[in-house]
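The following pair of complexes shares a single chain, subunit A, combined with subunit B in the former and subunit C in the latter.
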Partner chain A sequence: MAQDFDADVIVVGSGAVGSNAAYELARQGKSVILLEAGPSVPRWKILMNFRNSGRHYDHNDPYPNNPWAPTSYQPGYLQNTGSFEMMPGMLKLVGGTTWHWGGATWRYIPNDFKLNSLYGKGRDWPIGYDDLEPYYTRAEYQLGISGGDGEDQSGTHKGQAYPRRSKPYPINAEKFTYNAQKMHDALGTQDYAMCTEPTVRIHKPWDGRPACEGNNNCDQVCPIGTLYNGSIHADKAVRAGARLITEAVVTRIEVGDGKKVRSVSYMTPEGKETKLTAKVFVLAAHSFETAKLMMMNEVGNSSDMVGRNLMDHIGIGMDLMAGEDAMWSGRGPVQQLTIMNWRDGDFRKEHSANKTALANGNPQISLAEAAINEGLMGKELDARIMRDSARYQFVYSFLEMLPSPANRIQPNPAWKDSLGNPGIKIHFDVDDYVKAGAVVAREMYQDMAKRMGGTIAKIHGFENHDHLMGTLIMGADAKDSVVNHEGRSWDHDNLFVASVGVIPAAGVVNPTLTAVALAIRSADVIAKEV
Partner chain B sequence: MGTAAVVAVASGPVLPVGAHAAGAAATDVADLQKMAHLVTGKQVDQALAERAGSAITENHPGFPAALAKLQDFAASNNITDVEMLKDAPGFEGDLKDTAKLLIGALYLGYSGTPKALSSVDDVKFVTYTQALTFQLTHPYTPIPSYSRWGTGYWAERPGRI
Partner chain C sequence: MRLTRLKRAGFAALVPAIVPVIVSVFALGLALPVLAQDAGGGLVSRGEYLARAGDCAACHTARDGKPMAGGYVFSMPMGKIVSSNITPSKRFGIGNWTEEQFARAVRKGVRPDGSHLYPAMPYPSYARITDADMKALYAYFRQVKPVDAAPSVKTSLKFPFNLPGMMMGWDLIFANSGPFKDDPKLDAQQNRGKYLVQGLAHCSTCHTPRNAFMATDNGKYLAGANVDGWEAPNLTSDKVSGLGGWSDAEIESYLKNGHAKGKAQAGGPMADAITHSLHYLSDQDIAAITAYLRTVPPIRTEGQSKPSWAVGKAQPVDWTKIEPGMVAADKPGYRATDNTDGAQLYNTACAACHGINGQGSDDGHYPTLTNNSAVGAPKPNNVVMAIVDGIHRKGADGMAVMPAFSASNQVIHDTLSDAQIASVANYVTATFGNGSAKLTAADIPQIEAGGAAPWLIRNAATLFWVGVAVAVIVILLIIAAVVMSRRRKSAAV
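For the complex of A and B:
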């Protein structure tokens, strides 16, 4: 007797990754239910929340923080036990955490997929660059990305376009900001491998999104909808026939015959539970939340790798007072000029790679606060604010963390949300590979400051950058990984994971595009099976 | 109850006697606005001064009384602007801290102590676009989220617009 299902596919999580999977499946004629723990909130409300708050340093602040679906900054929700305080920004609403991000959408380079084979460190991917390239292209056209076709993004292929691309970027690269151009000129192309950051913050209209006006507010909320976020594909999925259910906190996963997942259950804010069945399930609820959900239900964890191998692009940064007096951070893109001197090479046998970039966020309130705390007033205060605002530049580096099972997240039953679901316990230590890489980055900072005729005001210690890879690690062996190259659970044929959490080798580039490409690839696999 | 009333009520019972003697007690909105002008050297909108006073008072209930002392200090020493105030003998300790609270609220647009990576702290909103820092810098950079400068402006050398 044929079994009835509520949908062909249920996708848990409406962020950029889950929504792209849902859209691809709906577009290919599958019935899809998309579950989201948070609400759907229109942009104007988020923007007004931002403008009417004094808490602009808290990038989660304008977004819903509900007792049943808290953001990561809800006190107690994330509890750290390691030497490093891992506190990523995490949102719960339709569209997910891409509501606030820099918009960087890099591809990994071929050597990133073979880290262990080439350099004897970390893990290899179970697939190579060529396997993923067509999906990178599809993801870039879905997200609408601006980038430089002719540029070397590896730092090792000077004068060539690299990595290989089967299609040009949908939108060309924009001009450098004034301060980026000044930095580019001061550093010089002889010694510095520089390129433009590929971005979903577009300088030409695309797919209904307007060209960027340079609001310099990507990390909080784009006021005009230029910057891509996952809600765009949640909406597209609905228009293609998917059913979106908001404020649906998935808490249970039920496994039936043949180790197949039979159902998921979600709770409403009032605690009412609803069970839904499907042929296939895709977990795309953020790399922390997905791992927590799987562990809460003892699903897909025969390897004991769920929640382990947490990798972020732990990084350092530099406050630089440039010699040039018209640099003025805060004009236009929040990120753009990128330095790839240390992205790839034999040095990866010894220390972490790094990606270093100029951050262009508006620093003025922080600079003014420091001057006021110093006791400056009147004309002296105004002069200091203007002097520092004109010169201040923030340079930051991502470092390449290696996967370690000891770096992990777990459900934390000592903290519960309003529905009784646990918080998240994190244990994270920065490894020696990263520490050695930071030494190299600091040396580069000294050289950069000298070439720019500036002075280093401060070098910041290790900070997280919200790129939470490894917790759902992909591999070639069921004994030491969570999913295979398709994103399919080794333990349950009809369970897929779509998340940056599947990435097994972190490299040094922002991982969202790779996760979307993998999700589209998984959707193609699923579409052939249901 | 409006914000002005909050300040007035909170400050009323703790006024120093000397404040009346100097004829300049910080008990009403007008005085708050004058004090905002005194500590910043700028004309500050009355409503903005009220908002700043109210926000500071939420975290520092003694602020109205402290501001009255600062006003008394200025009156007693014939201090009429911020450049005189900052170098005045005796302008230190609580007097200077009180001035910094008001300066901070007006320049930063909030009062309180930010706590990073937490949804909970004591920061109170005062203003965004009227923050005096942005009033200084907006010829060179747009106030974030308020750009009407057109795509690509960022490639040009910053200058007064």
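For the complex of A and C:
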């Protein structure tokens, strides 16, 4: 097939996005090489690491931290120069960072694609919701998502199923947990627009994955394989004929005639370099790493936008102590009930939108820690833990950021990994648009606490949520964006980027599903050309 | 998922592998076409019910294919058999068949053109179908949505199985039963059960062992057999080896839901039978099957003294004994995957559902491993196969899925090597069952392959030529004898 090439397509990165692109291409009969910087580690091994690590609140601890492919938890690998300490979770192994995530898989709503034309803020997408809708559906069926058909997810279409979908969710929404139902009833549907978080944590089996049994361990590792992660499609890609090469750190991109990318080279942990050629290249190596790789090689950056416009869903949260009735946090899904009062509307001209949700983690360790720090001991300590852990409820919000070229990542040659590759320098500030949005969210918290008959124990300040958009921004103009609507580099027509990094308008929802949908769309484009 | 394995394993056992019930439809959620207006006084819907009881769709639908359009491939030691299009397409299906021709194919394995089917189609069992039920089945298949296309793959058998007339002799000897007639020794319910068991549900094709010609060995009727690696258990009324110790409610729950607490759960081919066929049966028919199974003469499995389900008592496992010890996250030990400690692997790959003490989940959704027929059985096959293939089942009370762990099913997220599967199976049988199965890595692919095909089948090509040679010699000897005797006669004259 690829006589003068090592493959039709080389995909760099085996996370959820890269693996879905690789699978689509392999399924359509293309020869595919899938490169992964990290190792392949099966679930039982990660679980073994998790159990042996005493640090269960450190979600990255069960995962290998490879000297040749470091993660954000390698001291020094990420260095911040801005006012905000951006320290996102990132994993390097086959399947990528979705090995540990809440599993929320939302669609953007049509207005998210037209942020600038409607509200005069940020940027528009170069495509609209209808262009992406069929790919959202395909992605949902690939990932096996449970969600509420017939629900309004926009907060502005009460009583209507919104946004429009061409097919129902593969799996229906699960019944609310005790605390979600309790909050839902206390807040009331009159004033609160509530819906179910679509999720790959499924309550019915799908595609060989068992139904969730409620380990409440999504953020560390799903011990039974219910929660989707990218390794499922890495596996499917391999079964469809793709060649997976692990522990292969791509460091070099070579551009040849006609500004086409000719090859990529990867290094083994021992430093041996191998060059691979292909007709088309897809970079899907995490939004920081892909940007770093392009900047290291001065590829695809004629716009000077690579690494810039970094947006996360910077958010706030509250520790709510419910009234006399217990909430029993920590049973069942880690997230479920979502409040969309501030997802969309004219207010976006003034301040950030937000998505607010109930988080359902088990709070006992942190509550015990707080009580011990207060000096409680013995029976008093027991009583406090029992009382508080029954009534505690965490609520958190994502705020919508706007793209700013000043928020950026760059290679940091002052720090080197075991292969001599640079670390990453981050400059990130939270803007006034987000700060104004946080005020609105905090007002809502007050109202929620009142309706719940409870008190706010603490409001958490700005936190990052690992939704690293914008660094590979998609646009309609080669001068101010990195890729076009197909995910194709403006500078090299056989170079594609598949990543949440291409998303130009962050909205307030978790972006993984959108990136997978875009990757499948890019794969369809590529399949016609090779 | 299973398709890959079946292809690779190559169906080492011939007839067990060719039984429709054991072969899954793969296309989960395969829906039979919506029934047309049922003008025939319920005839069509009765036909649909019977087609489900017979599990026709399982074999006559390819993976992701259109219902009943054929194309399902049986890979067997003597070649590939591909199921046919049985939609009413006039050109590619059975649209031109009369009811008599339909009945002859279903019961006798003979097409209207006189050619013989292979017993991948369980016509030796379907021969028991009554005329009234055959009429309903015919009416149902007349109104299935026609598919005007032949299966993309064609049947191709190796020599000598591809010789015309090859099946005629086999059919004469092994496929000679007629439509079911009530057994006067049984009551009406038991007779209904017997009719279903021997006819449409064709239980015998998996649960009765095969002889050297791969026909069911009726001296060991329902005494259990190996099917594609899995042990199809003994269904006789024997109290130790069979169903004698099961209550009616347990048998009924198993057939309807695919599991019976404290007894067993269906995996592999039986999970497919539950999913595509048995869970659709009425409570009356399930009760009738149960009543009939009670009457099947007991056969004790040699050497077995305790029922498989009676083995095992939950013993607390001391988790401090299975701690592998700490390794730093940036050291090779953190990503090493060559651990073959059965206890450690069980506790990381299995115990999240089945429990450190094998106690399963409180609601019984994840079964206990003690008092579990798969674990307490004389052979470890079903433990191994459950790990290899996982469990994929839909019963009347919901779906059950256990992930597949073998590299033949997936290579990344849940993968265990053959050596690791062997050590997990040894740990499970040692801790929750009859004592360690003492398996090695080499045993796993052998169990998956379901054991070797009968000698006769493996050596058929050689035997054919030996047979021809023998026949030639015999003919020469006869000629010689005749000539000699004539000479003697003429000499005497």
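Keep in mind that, in the parts below, the second predicted complex is superposed on the first by the 526 of 530 C-alpha atoms of A that agree within 3 Å, B and C clash if a C-alpha of one lies under 4 Å from a C-alpha of the other, contacts with A are read in each partner's own complex, and residues count from 1 in each chain.
Criterion: a residue touches a chain if its C-beta (ideal position, glycine included) is under 8 Å from a C-beta of that chain, and two chains touch if they have at least 3 such contacts.
These numbers come from a predicted model, not from an experiment.
In the superposition on chain A, contact is made by A:231 with subunit C only, not with subunit B. By the touch criterion defined above, A:369 lies against subunit B but remains apart from subunit C after alignment on the C-alpha atoms of chain A. Applying the stated contact rule after C-alpha superposition, one finds that A:40 touches subunit C and leaves subunit B untouched. In the overlay built on the shared chain, the residue A:479 is in contact with neither subunit B nor subunit C. Residue contacts after overlaying the shared chain place A:223 against subunit B and subunit C alike. When the shared chain is aligned, no partner comes close enough to touch A:416: not subunit B, not subunit C.
Of the two partner chains placed by the overlay, only subunit C lies in contact with A:94; subunit B stays clear of it. In the superposition on chain A, A:158 makes contact with neither subunit B nor subunit C. Contacts of A:52 after superposition on the shared chain: both subunit B and subunit C are touched. Taking subunit B and subunit C in turn and counting the residues of subunit A each one touches, the greater count comes from B.
Within subunit A, the residues touching subunit B in one complex and subunit C in the other are 47, 51-53, 61, 65, 74, 204, 211, 213, 215, 223. Residue ranges of subunit A in contact with subunit B, taken from their complex: 47, 50-58, 60-61, 65, 71, 73-75, 85, 87, 174-178, 181, 203-204, 211-217, 220-221, 223, 326-333, 362, 364-365, 368-369, 372-373, 375, 377-382, 385-386, 389-390.
For subunit B in complex with subunit A, the touching residues are 39-41, 81-83, 85-86, 96, 99-100, 103-104, 107-112, 114, 116-121, 123-126, 128-129, 131, 133-134, 136-137, 140-142, 144-159. The touching residues of subunit C, when paired with subunit A in their complex, are 1, 4, 323-327, 329-330, 334-337, 339, 344-345, 348-349, 352-353, 361, 365-366, 390, 392, 398-404, 409-416. The touching residues of subunit A, counted against subunit C in their complex, run 39-45, 47-49, 51-53, 61, 63-67, 74, 93-95, 204-205, 208-211, 213, 215, 223-225, 229, 231-232, 234-235, 238-239.
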